[in-house]
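Paired with chain B in one complex and with chain C in the other, chain A is shared by the two complexes that follow.
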Partner chain A sequence: MGYAKQPDFGTPEVRSDRTVTLSIDGREVTVPEGTSVMRAAAEIGGDIPKLCATDMVKSFGSCRLCLVEVEGMRGTPASCTTPVTEGMVVKTQTPRLEKLRRGVMELYISDHPLDCLTCSANNDCELQDAAADVGLRDVRYGYDGAHHLGQAPDVSNPYFLFAPDKCIVCSRCVRACDEVQGTLALTVDGRGFASKISAGTTEDDFLSSECVSCGACVQACPTSALMEKSVKEHGKPERSVVTTCAYCGVGCTFRAEMRGEQLVRMVPWKEGKANRGHSCVKGRFAWGYANHKDRITSPMIRDSIDEPWREVSWAEAISYAAGRLKDIRAEHGARALGGITSSRCTNEETFLVQKLVRGGFGSNNVDTCARVCHSPTGYGLKTTFGTSAGTQDFDSVEHSDVILVIGANPTDAHPVFASRMKRRLRQGAKLIVIDPRRIDLVRSPHIEAAHHLPLQPGTNVAVLTAMAHVIVTEGLVDAKFVQERCEVDAFEDWARFVSDESHSPERLEPVTRVPAEELRAAARLFATGGNGAIYYGLGVTEHSQGSSTVMAIANLAMATGNIGRPGVGVNPLRGQNNVQGACDMGSFPHELSGYRHISDAETRALFEQDWGVTLDAEPGLRINNMLDAACDGTFRAIYIQGEDILQSDPDTKHVAAGLEAMDCVIVHDLFLNETANYAHVFLPGSTFLEKDGTFTNAERRIQPVRRVMDPANGYEDWQVTQLLANAMGLGWDYGHPSEILAEIARLTPTFAGVTWERLCAVGSLQWPVNEANPDGAPVMHIDGFVRGKGHFVVTEYVPTDEKTGPRFPLLLTTGRILSHYNVGAQTRRTANTAWHPEDLLEMHPVDAENRGLKDGDWARLASRKGETTLRVKVTERVAPGVVYTTFHHPETQANVVTTDYSDWATNCPEYKVTAVQVAPSNGPTDWQEDYADLSERSRRISHEPAE
Partner chain B sequence: MSNTHARLIYMANQIARNFSALDHEAAAMATADHIQQFWDPRMKAGISGDEPDLSPVAARAFVILRTEGEPPPQTRATVFNPVDEGGRSDAG
Partner chain C sequence: MDRIDAIVARHADREGPLLPILHDVQAELGAVDTAAETRIAHLLNLTRAEVHGVVSFYHDFRAEADSRPVVQVCRAEACQARGIEAMMPAVAAAAGDRVRVETVYCLGLCSVGPNARIGDDLHARLDEGALTKLVERA
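And then the complex of A and B:
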């Protein structure tokens, strides 16, 4: 498609059951009551000149350019702030309006540099357009008087600049920051002529301000005052392609705005149903990794990990990989082979990897990164509700009255959804936060949690059971919902269990460290405060009782009747962009796509018939079991697409030992990642910008991913898997991902109604898309649970076996930060490092002082498993006795410290609870030094011709 | 005893412990069912059931697996969807 600006209706859409009919310039228009005259005019193709209005923020009425005449009304009201009324007669163009607008425009231009031809916004500037629209031909005021020209721009932000001399102080940026992002970082400083946009810092330095670089201000700016540096560098885009972000599970859709094959900028797509036109620093700006110098675009092989890599042709690499796989299978059997699918790749690519493992390798040893994040969600929600996914769409939060956030930090990990949640909170919804850390949501501008329960890490089940105790014993259960929608026997068992005095907040306070009265108040609020919605993240799942916690959450939602309508529900915030899709596609070793168990003969037969193979009827190995089996010699080869298990998985030394023990490790990735240190074959991958396919976000929303440039490595990832499959003798002949999607739909009932063409036509579909839900299902379990009746599960609190003691007295919990994504493979290769150049250890002032540590000091972080060093950040965000760090940087290798304890049901690692000690340090640990050597050694690439 | 063997015993005991709200036989059946549904064959074969470190419930679960074959579904998590059941196939 060519380049056109996204439509701007001037003021936000209004939802109302009642409509109003009016006349604008002689044309009749009917719009929802409450709509502005400006928007009504835009709906019929009108274009009233405007500067301070844009449909992403509420009307402001400051620029006085959008004046109109209304029959029977005095003066010339601003069309952006004037609501329509029945029978209204509006004129948008009269001699009086022309004169007024020109006068206003003349004043704006009199203090604006007339350097349009060399301005980065030339031909893409609303001020320029407005001047043309009002017919401005002359500016009578010279530049001799006071003006704002010549002010130096603020270039501190790596991605955009602020040029105050181009600013018309329309406040669109300030309002976008307030209303859309909810950070309130910007303000208008000064009054009258001295008014200026300020980031609130002494030097007006965006980088050091509260700005989170979401880009909303840049998007809102009508001039080049706030402008992407990439536009300044490359020029105005010439075409745009709508695609889906490859960062977190929110699944924002963007317009990739291009010049030739050069990506100029990513602009959030206003029609995107997941992000509704908003973005974060990662999706909006952090795409430079696609062309980073570290990217490997030639296949490489080596016989041993002690050798340097050797660049080879695709044919040689694929033949070598297939040969080794076949040899190993011949010698050790099919169950010695396996693979890992990628939650960063498309549904189609993921489906093919599991198909290759099951149908080509002949085993079910396939797993995915959900093993280490949301596998307990699958188990827990399946058990209670019958479905392995969140119950709501993101729009649902607009109807919530009480929002319970447990084990999630949405402002960092799911920022675009967090902005929508914050908007609802600013409207008055109540907030309960259950988290060991005082995350930003607990108290931020215009938001304060009604209750923050700072629990001891590892006690989620105890806290939720105590809340259930209050709800049941104080008679706050929604008895009607339970009676009609749930298994009553199971409910009664559960109610008896939680009512026991041993589960009261008071009795559990010594375990949870949550003040009993505060917990009681939170439970009462959740049960009685109206629509109650629960949002959770990896602070729930990454525990030895991750699955139990998910079930305890589901119990709470059912007991309070908070399921089956907008505003309520159980909402897992998924970590990676396509982790939901990877799970849907049969990436787990025990089930085929659509969550059907591999032991079911009828399901197996369906796939066997379609694929022309025989499938193993037994479940395969999970990632951690693959590594165990590798150390035992029974698992010998692995194909890993787009995952870096050495950095992301727990107990790094064990992961390294497992990988090192294998005969053939095939890594398929953009970069020589940490796992590739142990690889024998490296197959270059393609970025999301270089491929077609689909991602499925945390709302079960399937969205198209579109190729905007050719793959730098020559192939999309599904094509590479196909090359390997065909070298294994499978004879695949997919020509486009749409053909793979058709196969998925053919074999997966929840995807039955999904086609590439339909997705492209409607933008997205939320599964299930089938006969019962032809257009998908934004909210699930409306009239009944997927499994029929909701099932309450008794969740006995079982303390973790990871204990603190004299040697390891602190509890470490890990997480992520706004500017980085997962292991940082992508974001570390962008300017996002400006915000987070290294992993830091957050520590309470008391704990720091006891150890003689000050902010910025190097510290040794040690557990029973290993040790690393990193700098300390002294902060009261963490409670005494708890420390926190991220896992974004391989130099730190935070997972050297984490243990192999895991969720009882799914083996999801217990990242959130590790007993540690912290002490001052003056240098890297032995492990870090050894690893740095290995890392350098194993990344050597020989350019000598092969013998 | 290999590290893997010790880990498998730990895993079996951990599963059994999380079914402790059930009575002994029901907990053993649930544990057996869970292992049957989610463990790879070499993992199942890795434990004889006689290991002294196994908890009574876990030990009983392996006896059930050895002597009684595949147990009927004990928990809803192990009731998997029929091949093409419309509208309910999303469960997992």
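And then the complex of A and C:
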């Protein structure tokens, strides 16, 4: 596969039911009404010269290069701004046009450095192409006049540079930032000849500006004025492979542009249906971790965690691991063994890990990181709608009129979807934000929430029930929808429950701290404002009432008839790239793939027959139960693929105690993560660039992941699992993930029509892909719910047991930030640390002043569980009484302070509410010091040759 | 900052309040500096870049206050044809550092040039003597 640019039609695609037929250079073309002449020409393979036009932004008409002649029209209109009309006759090349275009081109080139041979855009430059296209042969003006040459580049952004002398001021970058990303961080400074692209005021450079480094401007730039530093370093790519990003649950598809085995750059794929050609700083730029020096590529073993690691061959590592597992099983039984699948790995890899645990270890002790994030989504949506997944595709947001965001911070955690949401908001959709913090969506340029309900952490259910109270008691229920689509008895029970005066916004205000009038107004807006869509994240699920909140959201959507068409729905925003997939693949101890209960004999028989094993009918242990059991001595060995439970799971000290108590901890990862400090076997993992497989994003979209380079560790992760399985005597023989996917499809009704070949051909499929939905289902529950009728569930508000008091008067809630991802294992090993080098504790000025803390001071953050130190950021983003931090850095280990309280239904930990105290500090806590010692000791690698 | 907040508050209910705000800030504070741009952006829920783009587009908005008198001299085609370019050295000499001479392109009096403007007063049919006198008296 050679390197070819992605096609550029010049102006965005227009959707219209009506078409127009016209003639361009004697060829007939039929396009949707409203299409530009430029795009119509491109549709039939034409290539009108252009500089300021690109199909990622609206036409602008400034470069005057794309002029055409139109019969019956005066002059030479710009083809980018001229819409097609019926019967139009267009000529794109005439002597007059040639002359005009050359004249324009001469002006551009008279003020451009002629250093093409040493320019990083050489042979990948639209200015160069345009000069060739128009036949530029001479520059009559010479090069001695006023010019912009020799201006110093702005290299402040870690990933790209801005070279003003290469800039032709087409303002494609400014428009991409405005229209695509919605950050509006760029502008044209000055006017006329003095015009210059600027990232804000005269005091700003790209790094200090409001730029979020999404890369849209770099993609839009026709020259090397905005260029990836990696291209400057490595040269122009020679080939490209379309693959899926391994960061968040948006699931952007990218072209990995390669030279040899060197990844030169990741460029968003225009045809990607999740991202529609857009990207964020993580997927676009933060892939350097793949070759970071910390990456471990040799397997390692040790008998005890006090010893240094010993590098061994794969054969020795696998046989050592299998030997220990078998010994432990022989002595303590199969239920002493378990495994954890990873939401960062592929569906195929996840499926194999749970297959190994169930079929090889012989227990159902398999769990996944979704336990600690979206397990309540699975439970809540299955109970109410009948399926454990979001109801919409991302395109749906383009049809929403009212968007309700609760417990999610899309601009930081799901930035590419947030850009699409913000575009809809700029078009006039209304926004309601329910969040303890003033997240960016509450108010940021051109975005302002109609209502922000700054609730007390832990009171989601009370707020949603109060909204339901308003909707029911003020007669705003969509009675027709409820009557036709839902269980009416359950609805009536629910309506009676929420109507009770005790659930009124006024009565709940002391608990929720949300002003009743504001809440009433928000409820009315949601119920009456047109298509209402709910987007939520871990601020909903990571609570003792996480599942109740998910069901309260589902109730609200059903009561207002906001299910079953584009523009509405219940949309969980998934944290990791394959949370949806890991859940789909049977990673939970009680479920086989496709959310079928392990106790169901018929389902079990299907798998037993296919796998040739006998399955335990009893659900196994969840992560937290495994750790409890380990402390009790009944759980003794674990295989953890791609998850750092020590850093990511709550109550770090308890996790450490559980891991320490086990006889055999096998960590399969890219890096010696924090969990590996307690491991006996380290199996090096492969990155998403080094493997084939599939990820499933938050829209249930299954997308191919493709191997663009050989695994540095020698094996793709599914191969490592297969080695271990075979050492356990399972006799697996998969030659490629497509064979695993075929097995998944064979055994999972919702995946019945999915094959690797089909995914590669069509790009993606949204499950269910079965007889009823042969091409998948962008929107679910259109004519009926998967479970038949929608089920309303009464959601009684039960306050969490984690309470503030005199010793711990503040509530801590945790989250993440744009530049980092989860425990930071990947992003901390990239230049993203330029934006966020450490975790900070956000605190309201009043709380800070009461404690004598100033911005940047060190503070001790203590809960009933533990304490840590970090720096304070004084801000009004949080309300008085609430503090907030991220959990990206192991030096901080925010989870030392979080508790073991968890969701009543799924044990999803209550990360979002911890009672804490904050005090000035001048150094790390004892735990931080002890852990740093252990961490250093445990990471020693002995390089003596193996015997 | 309080003065900027007050100016913004005055225009808050207008459609397209940015330009009137910038005019008032320039008039009251003598300049629209980076701090003012940042504050106005925050209050209007715009980005710094958007405000800076507008401020830098118009020559009448200045980044730094300058209390010197201003003489605007038209150097567009018609005034050039009537000899303004030849007078510029004398104008510069008359101005020295005391007067700020700004070049503008067309004051709309092409038939009676060369022209200049001081404050809201327009001066037409200028020769070198008249123009330097204007500058000296500015």
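The rule we apply is simple: the second predicted complex is superposed on the first by the 942 of 947 C-alpha atoms of A that agree within 3 Å, B and C clash if a C-alpha of one lies under 4 Å from a C-alpha of the other, contacts with A are read in each partner's own complex, and residues count from 1 in each chain.
One rule holds for everything that comes next: a contact is a pair of C-beta atoms (placed from the backbone, for glycine too) under 8 Å apart; a residue touches a chain by one contact, two chains touch by 3 or more.
Quick caveat: nothing in here was measured; it's all calculated off a predicted structure.
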Comparison of chain B and chain C by chain A residues contacted: B
Partner chain(s) touched by A:E203 [first = chain B, second = chain C, both, neither]: second
Partner chain in contact with A:D189 - chain B first, chain C second, else both or neither: second
Touching partner for A:H791 - first (chain B), second (chain C), both, neither: first
Which of chain B and chain C A:T549 touches, first, second, both or neither: neither
Partner chain(s) touched by A:S388 [first = chain B, second = chain C, both, neither]: first
Touching partner for A:T868 - first (chain B), second (chain C), both, neither: neither
Sites on chain C touched by chain A in the complex: 34, 37-38, 41, 45-53, 56-57, 63
Chain C contact footprint on chain A (complex, rising order): 183-191, 198-204, 209-210, 443-448
For the chain A and chain B complex, residues of the former touching the latter: 335, 364-365, 378-379, 382-384, 386-389, 497, 544-545, 548, 583, 589-591, 594-597, 599-600, 602-603, 605-606, 618-621, 625, 628-629, 631-632, 634, 748-750, 767-768, 770-773, 786-787, 791, 794, 796, 798, 900, 904-907
Chain B - residues contacting chain A, complex: 2-4, 7, 11, 14-15, 17-18, 20-21, 34, 37-43, 75-92
